[in-house]
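Labels run A, B and C following the written order; every chain starts at residue 1.
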Amino acid sequence: MDPAVVGGEAPLRPSVVLPVFEGPLDLLLHLVREEKVSIWDIPIARICAQYHEALRAMEEMDLEIAGEYLVYAAWLLLIKSRLLLPRHEGEEKDPRQELVERLVEYEKVKAAAAELAGLVEMRRGVEAVRFAAPPAPEDVELDLEDVDVLALSRALRQVLERHVREHPQTLQLEPIRFSVREKIIELFDLIRRQRSFPLLSHLLTRPDRLESVTLLLAALELVRLGTARSHQRRPFAEIYLTPTGTALPMDALTDA
Amino acid sequence: MPELKHLAAMVEAILAVAGEPVMLDALVAVAGQGVEPGQVEEAIEFVRLRHEGEGSGLQVEHVAGGWRLATRSEHEWALREYLGYRARARLSQAALETLAVIAYRQPITMPEINFLRGVNSAAVVRTLVERKLVVVAGRKQVVGTPLLYRTSKEFLVHFGLRDLSALPTPEEVEQVSGEGASEP
Amino acid sequence: MPELKHLAAMVEAILAVAGEPVMLDALVAVAGQGVEPGQVEEAIEFVRLRHEGEGSGLQVEHVAGGWRLATRSEHEWALREYLGYRARARLSQAALETLAVIAYRQPITMPEINFLRGVNSAAVVRTLVERKLVVVAGRKQVVGTPLLYRTSKEFLVHFGLRDLSALPTPEEVEQVSGEGASEP
């Protein structure tokens, strides 16, 4: 066992080599292995003490201890106390059960990770050949199979950022009249179709400011008519409009 | 002489990843101590001859004072075919951007897409329609009644979305890809 | 049979310029009318065997559902020497564990990953997404509709896997882990 971690002696320098644990499960697994006991019969009291000692050592070394370690520390104490209580014969399951199950699962994860590392190790020096090729007909770098919604959203953000850069606020287009009534119908359709409609980014990307204003009025009108609800998680975040299910009362629409 | 074959294999591997003509000096240096330039030349010749035979699509060329591995000219046609085929199965950055604009702003007209992207996107939209990721969704009732575009059912299937509301929100994207991670 | 050799040469040329796994479909399409998939497979096998012999620095790999031409690992040292030290950035233990969780349980949500690893893995997943080893695969239809993650095609290429079924089976992994800790 590395004394720097679980031996309890404060190291002279905080830079001593320390096994890096990937989390509380990793640390627990390490302790169980050091004890050379079966994972199915963990001496909780001893492991619990060692676990807390390890945390203390990490603290002394000024290592930031992630919250998960503390959660598991509390859990270990809870299991320990449960084990001290008299148990009804064959009724309750072993208080250690869930912890053991997680450790077993985690051990599999670690084994699989080692397996993957081995695969990569075997492939060192295996490089795709790079030949001088005739020029591709188009700049096509993205394999559709690996293009996911994140790539899509990022692409949108790029477009919007570029758009804002290239269109300083002085933008003035032909003054076109927009009718609130027309926008109400248009917006209502969008909301119904998308179920959760990002109003803010829609408004901010309209080519015409007057259109944005008209759209905003239309949005307010939709909410007032009880046909849409608006949500905003925090100030300045996106405002989402969702349909309430109420139909649009066509006769109530004024022609502004 | 296993020595020669081993050297030849090494030469071939280097030529295959170099992407440019490799000088004899460089090969000799990599071959390490005790290997004479003459031996390396022999190895190059070995690789060259091996690719001269029928059944190889490659050749060793002596250009710009160095050696390089290249495809043979008789396959140029097939290579173009392949690159064209691949292009049809992939997305360009322009296509991805356009698809993103349509996905998040649908239904949307061509002038609106052009306005947002700042470039004419007609050809890209056509490609997306051909690839069935985008469909026409009627006309907008404004001057000129331009066509409206929206994403297709195939689009939802490809991206594993149940409906459009399942597209990630800007907050989610930020969480997962982090700030400034927008460049690949 | 000049037909086979000609086809093999074409296949080799295409694999050489593709730089990524090429699907059988693509090769068949490029080969043109009248060429059966079986013939193309024979041609691939011809190329593969030709590179198995001594004196070749290359190999035909069957990864991510396709074939690609790559260098052999025994020349790693020479390649590194020639290209300058440019080892691919290694994956951290955290990244490997997270990748293992995703690979074996996909599609999987972030909370599920966190649960299995016992630590918050958001930052690691973000890195894996940036390295294109992991992609989003829709949403899970549970409260909060969290995003689902899966491994990418790039993941298969990186680990040299033909497809996901080529991952070591959980039983194989368990045998390796051993340690007597997994007795029931």
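Structure notes:
Definition applied: a residue touches a chain if its C-beta (ideal position, glycine included) is under 8 Å from a C-beta of that chain, and two chains touch if they have at least 3 such contacts.
If you're wondering where the values come from, they're calculated on a predicted model, not measured in any experiment.
Among the chains in view, C has its Cα centre nearest the centre of the complete protein Cα set. Ranked by how far their CA centres sit from the centre of chain B, the chains are topped by A. In terms of their C-alpha centroids, the spacing between chain A and chain B amounts to 30 Å. Distance between chain A and chain C, defined via averaged C-alpha coordinates, is recorded as 25 Å. Measuring from the averaged C-alpha position of chain B to that of chain C gives a distance of 17 Å.
The set of chain B residues that touch two or more partner chains comprises 16-18, 69, 71, 79, 83, 86, 89, 159-161, 168, 172, 176-177, 181. Each of residues 127-131, 133-134, 143, 147-151 in chain A touches at least two other chains. Across the complex, chain C is touched by residues 2, 5-6, 8-14, 16-18, 22, 26, 29-31, 46-47, 50, 54-58, 69, 71-72, 74-75, 78-79, 81-83, 85-86, 89, 159-162, 166, 168, 172, 175-178, 181, 184 of chain B. Chain contact summary for the complex, chain A toward chain B: residues 127-134, 136-144, 147-163, 166, 182, 190, 193-196, 198, 201-202, 205, 207, 233, 237-238.
Interface residues of chain C, counted against chain A in their complex, comprise 15-17, 19-20, 58-59, 61, 68-77, 79-80, 87, 90-91, 93-94, 96-97, 99-101, 103-104, 116-120, 129, 132, 135-138, 147, 152-154, 158-161, 168, 170, 172-174, 176-177, 179-184.
Interface of chain A with chain C (complex): residues 20, 22-26, 32-33, 38-40, 66, 68, 72, 102, 104-117, 119-120, 122-131, 133-134, 143, 145-151.
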